[in-house]
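These are the structures, in structure tokens.
Consider the two complexes below, in which chain A is the common component and chain B and chain C are the respective partners.
So, the complex of A and B:
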């Protein structure tokens, strides 16, 4: 038990370091915050205009849509496609990953811890301010029931874990391609689409929504935010969270497999 | 002439170096195209549900989208040097630029050429062509010329934004992420008719950052919507000039910024 605690301490330290490293860029964060808010504003303009012409009831009303996009901007930086900017990815590219591999830590867990630190940073320094500012400017729904709040919190945490697992699975491809901009762009388009970040899945035509339900990415955005809006209730909440958990385990496994393969053919870049 | 042949030589070198990571290159061309395919697909989904947006049909919006997409991708292709300029500042590489017997603007401009953006250009062009086939636009030589000038103007506009971002690095070292609002955000905003935005938002993006001038007003003119909105036709026809003007102003800003450069090198 003692040793398990010690191991945990090691990875916690990695996560903390990752958090602190990002704390240095305060001005950049402020700029990012402005960007998040700007995109939110344009989304609000666009949807307000779309809804203005339409009187038939929609699966989500305008206020719910606005809340949904506020939450999207809150978690935008937590999405998996930011992996190109991570230290680990650039370490793979420039070869300094060799140093990390000589350490007596599990590489995937280390990477996961690093991503957790990143997620905490963006949740606190980017997500929270975005949310607070949005409350001032828009009608943001806040769930009143304790059960909704707790299930949302759990689902959101699962979404973050899943995002980290996907990041590792995607960017371990750096061992093969070195330059990860291509794969990162590809994952960007697939994930922004099927997570429901561009248009909430509730507004999609039936056949496409059906496809999205079979893919993992709704677990990043659509599941937690639908729980938040009270669109998923009762037993369905558990099914949805079970999906998130299952896919997270799948991506952890995939990441482990790819990393093992990657190490076995690893040629260190640079000198 | 000397500059042109030098530029072409640099471009050749850049293309060769990008071909080094071939797998990633292929991925990226597809990725770029897929990002914009999906962007437009989402707009189409919304139109499928809501039918119209402030009196604009899907393919009229597609025309806006295609124009802005082409401009941005061209700007990324040619203006990449300014887009990634912060690297040069952070490493102190700009010192080397200063001692060479060529203008700084030209050197940074010719430093990068992002071939892989052709995927995105092609996709935006396809949307523009489909939109054109779905709409009835009475084309004439003058109108085709006007469209081409508008596209070049839009490209200049986005390159101008990259130049502002690069110039700010002389003070901040790190590139300011805020310029993304105008570049990526500009593409996003420019894909929708400006009439849906609030007046202060519209005016800012017409008179200060002239985004509306490079695709919204030209589209109004080409789609024959000018009269219905009570905007002066002459104004809409002259609007693309703003893109060139904008780039000119940013070049002046660049020159002034270079004077404030302090090396971060050793």
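So, the complex of A and C:
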């Protein structure tokens, strides 16, 4: 037990330093905050226009849509898949992964800890400010039940873990392709669409929504936000979170497999 | 037989060899790339490649507390060897042990007992102050508080870390960064220190300081040091023994003095001519530098004696000054690389007459 605690402390220290490191770039953060808010405005205006012209009642009303996109902008930077991910990801690309391997740490866990510190930083410096500003300008729904808030928090954490696991798996392909621009560009489009980041899955045509439900990516955005909005309730919440957990484990496993295989055939850039 | 764990026994007995490399080879498959969006996807499945032998059946051993210069031109396979010794790369064939561990199988165990410095890249966290990086390393290697403080104090004394201990790494000068990096690699009292180009890009003063530090640490702590460098001053100041590799193969392993003796048949002759002559070639001597009226020749006394050469020059040209030098190691090693066979021939020939003379 004690050794497990010591190991945990190492990675906790990684996460803390990762947080601390980012505190140095406050001006950049302010610029980022503006960008978040700008994208929020774009979404809000587009949907307001759509809803003004709608003929039939929609599964989400306008306030819920706005809340959905506020949450999108709040969590955008928390997830390494969309946000600027940690430099660990570029480590494979530029070969500095070699340096990490000369230290007695598990690479995937190190990476994960680093991203957790990053997520905490962006929650404090980006997510919460975006949320607070949005409350001033829009009618943002806030769940009244404690159970909704707690399940949302857990689901959101799972979403961040999953985003992390997916990012690691994608960037691990860098061991084979060396240039991950293609593969990450392609995953970016697929995941952005099927996570519900552009359009909530509730608004999709039946057949496409059905496909989305079979893919892992709704766990990043659509599941936690639907829980927040009270669109998923009761047992379904547990099923949804089970799905998130299952897919997270799948991607952690995939990442681990790819990393292990990758290290054993490593071609370090700039030999 | 009261101790059944092999490692502990080995360590109690004290390993004679810190590093054992036997018939080590590494073959890389270099993949051909398709560019662009689809290309990178296709790359995942495509298998087109050619094979590069980066390290070819190299064997050597390093004793505890030795400093070895591991030298070779760019692309000779130096870094690949170091990476196999540190557990980053898996050898294609052959065996490696460091401190009794097989680095690529027991990467983390091995990592706890080695220190690594790559001159071109920093181990420290780019946007953290040096001190914070050190504290992180203290956690990673689980360095006891006493040892940590003691080491920081000693390293500060020798390398003046205090001047920039609270500065973020990205704001450090190259010399400061290098000092911090080397200190960082030694915080956990490693048994072996791998230094890959530790003085690259540094000024003379900074280089001297780092060399002194390495010497001191080696002498006081019995740290085994494997040094790869292009700076032959480093080698001269630090290493008694050098291992030379070229084209992935070992071409010399022995004392620096021996290498010098083997190759010092070649001499250099510097001449300052009175005017700039269009053609300054002399039979049996190679012009290796030429700048204005100044020229440098390389010649072998076996082919032409110094007196004859000077005579030949005086006959043809007017000179201001002339001097003969023994070549420095840089020239020596260049010769080895250019003409690997010469060295092999010389190594196999008996050198008894030479040794007796000494």
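Basically, the second predicted complex is superposed on the first by the 263 of 271 C-alpha atoms of A that agree within 3 Å, B and C clash if a C-alpha of one lies under 4 Å from a C-alpha of the other, contacts with A are read in each partner's own complex, and residues count from 1 in each chain.
One rule holds for everything that comes next: contacts are C-beta pairs under 8 Å (C-beta built on N, C-alpha and C of every residue); 3 or more make two chains touch, one makes a residue touch a chain.
Just so it is clear, the structure is predicted and the values come from calculations on it, not from any experiment.
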Which partner does A:199 contact after superposing on A: first (chain B), second (chain C), both, neither? first
Looking at A:53 after the superposition, I want to know if it touches chain B, chain C, both of them or none. Which is it: first, second, both, neither? first
For A:182, is the partner it touches chain B (first), chain C (second), both, or none of the two (neither)? both
Should A:163 be classified as contacting the first partner (chain B), the second (chain C), both, or neither? neither
Once the shared chain is lined up, is A:17 touching chain B (first), chain C (second), both, or neither of them? second
Could you say whether A:102 touches chain B, chain C, both of them, or neither, answering first, second, both or neither? second
Considering only touches as defined above, state whether A:226 meets chain B (first), chain C (second), both or neither. neither
Which partner does A:35 reach: the first (chain B), the second (chain C), both, or neither? first
Give me the intersection of chain A's contacts with chain B and its contacts with chain C, in residue numbers. 25, 176-183, 185-186
Interface residues, chain C side, partner chain A - complex: 28-31, 33, 36-41, 43-44, 54, 75, 79-80, 83, 86-90, 104, 107-109, 111-112, 114, 116, 118, 120-121, 123, 125-128, 132, 135-136, 139-142, 168
Under the touch definition given earlier, write down the residues of chain A that touch chain C in their complex. 6, 9-10, 13-14, 17, 20-21, 24-25, 87, 96, 98-99, 101-106, 173, 176-183, 185-186, 263-268, 270-271
Please name which positions on chain A make contact with chain B in the complex. 25, 27-28, 31-32, 34-35, 38-39, 41-42, 45-46, 48-54, 58, 176-186, 188-190, 192-193, 198-199, 203-205, 208
Where on chain B does chain A make contact in their complex? 21, 23-32, 34-35, 37-39, 41-42, 45-46, 48-54, 172, 174, 176-178, 180-181, 185, 188-189, 192, 196-198, 201
